[in-house]
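Below, chain A partners chain B and then partners chain C, in two separate complexes.
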Partner chain A sequence: MSAVRPNLCPQLSEDVVSKLRSAGVKTVVDLIKTDLEGLALETSLPYKDLVIIRRLLLAQFSTFPVNCSDFYLTTIASSSIIPTPAEKLNELLDGGLYTSEVTEIAGEISSGKTQFCLSLCVSVVMKARQNVVFIDTCGGFSADRLAEIAESLYGEEHLEHILQSVKVIEAFDIFHLMTALQTIKDKMVKKVDPFYDTLKLLVVDSITAVIYPSLGGQQMDGHGLMVQLSLKLRHLAADFSLCVLVVNNVIGDGKVSLGKTWSHVPHCRLLISHPKDQESNVRELVLIKSSRLATGGKTKIGITEKGIEDWT
Partner chain B sequence: MQSETGLQLLARLGSRPSIAGVLSPIFNDGPSAKDVIELFGTEGTGKSEILLNLVAGIILPKTWKSVNLNGKDASVIFIDNDYKFSILRLVTVMENRIHATLKNAPQAEENLTNDVELLIQKCLSKLSLIRCTNSSELLVTLYSLEQTLLSNPNISVIMIDSISAFYWIDKCNGGESLAAQEKNLTLISEVLSKFINSFSLIVIATKCALMKKRMREDYNLEKSASNIDRLKNDHQEFLCKAWGQLVTQRFHVEKQLASNHFKCHCIHLGSSKNADKTVIQFQITDNGIQVL
Partner chain C sequence: MQSQRELCSFPIAPSHKSKLTSAGFLITEDLKHLKPSELSKETGIGLEECLEILKLVCSESVDGSKRNEAPKPAVSALERLKEEQSLPPIITFSEGLDNMLGGGVPLCKITEFCGAPGVGKTQMCMQIAVDVQIPSQFGGLQGEAVYIDTEGSFIVERLVDIAKATVDHCNEMARLEGFKEGEITVESVLSGVHFYRCHDYVELLATVHLLPEFIKKHPKIKVVLVDSVAFHFRHDFDDLSLRTRLLTTMAQSFIKRATEFKIAIVLTNQMTTKFSPGEDSRLVPALGESWGHASTIRVILYWEGQKRWAWLYKSPSKKESRVPYQITMGGVRDIVTSPADNSNDQSDDEPSSKRQKVS
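Right after this comes the complex of A and B.
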């Protein structure tokens, strides 16, 4: 919580602040919740000034309510659906991945999580004509593979454009990741880099690699960091109509890792796995959580040199 | 001596629109004024969906073009701490609800599609959305709402999705002392309690099941206990005491994976023990919540 300090608002001079402090009012919350009449008597500051200070601080530190009829119009204007390369999967997701949402794909090792992300990058660039930021936290990003998918789908003439539209950021721990997200936010606010004007998809592959090391033990710090990170991702998604895709692992028998607190974070959760009785490049996708669709739907995809596609 | 302004007196004595029976039978004939309802459940159990359905029912008018829409025509403040509020879903639920009612109403005119859109726009203006990024911001925002509540007698509900959003962050920022960890939420509960009493408001909040219930030694005994006892034991209060005391009704929401049905158990707190054992089953469709 912010401390009451000089120059927060014009009425708060050094003198006023020190008087308030001697009356036990140290933070903004202290000032807002205190009975002003009593405070005026105790500090011999004019009641009128205190009321003005309180009102200014309230305005400065609170969030302004948004009227939903305006909010609806801006949402309609800014939201879009990012189709995946697989038609059946799009049907399952009611069109694809939605902006302003955090979508999670979870699966075991070599279940095709990164392939899904890379494939989606190419389709965002070519079909939606938007840019992608790919945050690589475990060294799993492969530019060669991205180029292979791009070239086999769209040919050599589009290769350069596709590769230019995907920006890769490496962040190997949670602090670097948070810094990276903050940088993206700053760039989107400042609007100096044209790349970020058409940014639509943010991939974090994988979220587990950065969160897991800080969890566990008796310390609660890890949970705090995890929630901070999840809020940052959700704010980015909501404030800039981004589509955020995070990759998670599964532990043991199909249980998604990172526990109960994280499980509330994604809007949509897809589980990817390799059905034992199928060929080696076939994967099954199950929608196990969604805030707008019935869950439990399944579809099969195949992983080829063209990335992911429907499997029939 | 306590003094109040004329505006405060009017706000205290004047009545706010009742929303009784808005989502029956889940809430029976409630929620009534001064209720504090907590929706508790793990992820994907339909907590936010219940809130959206409530919002839809509350902001729609009672009748429209002589068709009975069964809305409450009241205003709502929705505090979205989880950044998950989906206006598109809300509009879908409202649209489907209106169209379903129109279908069954013989007196309805045809080609009302444009009018429905206008109606929804009008209704949405009764809903204010607030998004907070941390608990002190939520606290200050609540303080700043006092003026809004005083000047708008049509607001009858504050919804918070979710009250547990900043639990871990506060726990880490508070250091070793439990009092410091819970300071903000305690103050938030105090402000809410003040609002509830002075404005006869209703507060509906979701609480995520952030942690597993610790296994106790008498776990085997609990296993044999009845369903409602099991649920009571399933719940572990991890938020501060002030919040726990504020809640008057707790709804446990569960999801049955096999059938895609949801179950909702109402537990009245404070009053006679186990007075209410109703279990409501519902499913979630494009039209919103359908009680089975």
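Right after this comes the complex of A and C.
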């Protein structure tokens, strides 16, 4: 929704806009709600013009229903599945990470969340032949480690290609993150940068680092900003068929951070942990939320110099 | 097209945001054609604030990099790799520790040393404050250090001991390799450490807030040490959610400065006891789990028998490992492997003041 401003449609000149504002019609919603006859009398604008303006604005700002079978066909054509490097994990996830979805990986300190993301970056570039944008909010991105994974899996000849297909954005507070997401959206819409035409994976590591400082206390904004952020991420995933991977923390006794509001945001949630009495590089992944699959499935992975792989 | 961004996603004060919304301005496109005076009249916000808001919202689309606090543009991982490789880490004089950390304490990252009292956290900080000043001909950074002391455990005489040992080592290397001696002296080392003493958490937060100005005036600064970050946050804090907010804000501020000025941030943390039902109680780093996610690299220092060990618990690029180390007159050093050599030069003789600490 937006304010009524000049040139939204041909009949809306500066003069008309200022008359409408003085009559209390400030946003498009106000214009659609008010009784046009009364408004015509108050502002002494011709009634016919007001009807035309309303019709044009409705056409511009409404959404239109889509037939489900058309929607299904479009989804089939535009979606894809991104396989992870671990086969058993792919079975658990019914193929891998899906595009047009927000997937969340949550874990305690040093449980392997960033390693999972880096491994997936290499996987997307080499297996799906697409690009990745990695948004780093906590300084945990290590290009050295990404190069190590890439080189051990695919050798030195592909190293440069892999590294050039991953772009890194640093955003250390929530407003920078929103700006970064907006920039990505604009670049995808304008289609001037070929990198963004083949963008398939967007990683945000980690989302808690930027949301924590705004939550709680006397701040009125915090919750709202968190929800705004979640909307932006979901829109990016849905509108551009991206796979959005978000990293979250686990605190206390296996509780995922950011509370109930955030728990509704991801379509799919994985919990990664280091099971006791296992070797130091073994991790266990549990699917705790999915909009498509049965939850509760577990699998074990190992973290090596090749990134993550199945643990046998 | 770039204009369809909601105004509430900008860093505008909440009271202004509500005034903008009630006046009907919801997205950036709505504000594009307005002058500050018009905006002020419509919303009732003061003229100067309107100017600020318009600058914030509209200059975004022009050239984000002109603004002070604008986020950096995206760089490819290849460029990041070249950047990382061009920034040498700070060596700690303990080869085991340096190898464990991947060369030393890295720049542009937050490294946290956690440990029980007496294990050597302050010694580690002082060692790093001296090591950052090693001249570049010896592979050092030739930088300066900011030392923020919250506990009062900083003793200048100890820093002098460590500095002397480092200076002697450098002069020895200079003699062997034919360089000029005297590039680094105890006086130059002491003058290269900028010392702050913070008495409560407000002073600490204020110091951190003013760091950017200070670093801009002293561009040689390459490391900021805080010993310890836990001290003031563990006492007199009834409101735990406030503590989490302050700590996470401080952590984000640190990582911003680390990447902006290409410096290393070293923090020390204390240990606390965790009780779990059905399990033995154990020592874990203090300040809670939400703080644990804040540091990029976490090293836990602990005792095992008579030896001190460093355990790399969290790292983005190195795997978990443990190395033993010792604290000598000259600072942090490796443990000499053969026990027979122990009596000779690398004497395990700690200064008596340290030995009295309760562990």
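Rule of thumb we're sticking to: the second predicted complex is superposed on the first by the 296 of 312 C-alpha atoms of A that agree within 3 Å, B and C clash if a C-alpha of one lies under 4 Å from a C-alpha of the other, contacts with A are read in each partner's own complex, and residues count from 1 in each chain.
Please note the rule applied: a residue touches a chain if its C-beta (ideal position, glycine included) is under 8 Å from a C-beta of that chain, and two chains touch if they have at least 3 such contacts.
Since the structure is predicted, the reported quantities are computational estimates derived from the model, not experimental observations.
After overlaying the two complexes on the shared chain, residue contacts for A:Lys33 are found with chain B alone; chain C is out of touch.
Of the two partner chains placed around the shared chain by superposition, chain B and chain C are both touched by A:Asp221. Once the two complexes are laid over each other on the shared chain, residue contacts for A:Thr179 go to chain C alone; chain B is not touched. In the superposition on chain A, A:Ser152 contacts neither chain B nor chain C. With both structures placed on the common chain, the touch criterion links A:Ser291 to chain B but leaves chain C unconnected.
When both complexes are overlaid on chain A, the residue A:Thr63 reaches chain B alone and has no touch with chain C. Legend: residue contacts after superposition of the two complexes on their common chain; A:Glu170 is shown touching chain C, with no touch to chain B. With both structures placed on the common chain, the touch criterion links A:Arg234 to chain B but leaves chain C unconnected.
A count of residues in chain A touched by chain B and by chain C gives the higher number to C. Residues 1-2, 220-221, 224-225, 228 of chain A touch chain B in one complex and chain C in the other. Contact residues of chain A toward chain C in the complex are 1-6, 21, 26-27, 30, 108-110, 114, 133-134, 137-148, 160, 162-173, 175-176, 178-180, 182-183, 186, 189-190, 206, 208-210, 212-213, 215-217, 219-221, 224-225, 228, 232, 249-252, 257, 280-281, 303. Listed in rising order, the residues of chain B touching chain A in the complex are 42-44, 48-49, 77-78, 82-84, 86-89, 91, 121-122, 124-133, 136-137, 139-141, 143-145, 148, 162, 165-169, 171-173, 184, 187, 208-212, 257, 260, 284-285.
For chain A in complex with chain B, the touching residues are 1-2, 28-29, 32-33, 57-59, 61-69, 71-72, 75-76, 79, 100, 220-221, 223-228, 231, 234-235, 237-238, 260-261, 263-264, 267, 269, 288-292, 294-296. For chain C in complex with chain A, the touching residues are 1-2, 5-6, 8-11, 14, 17, 23-27, 29-30, 33, 42, 60, 64, 69-78, 80-81, 83-85, 102, 108-110, 241-242, 244-245, 248-249, 251-252, 255-256, 258-259, 288-290, 292-294, 296, 298, 313-314, 316-317, 319-320.
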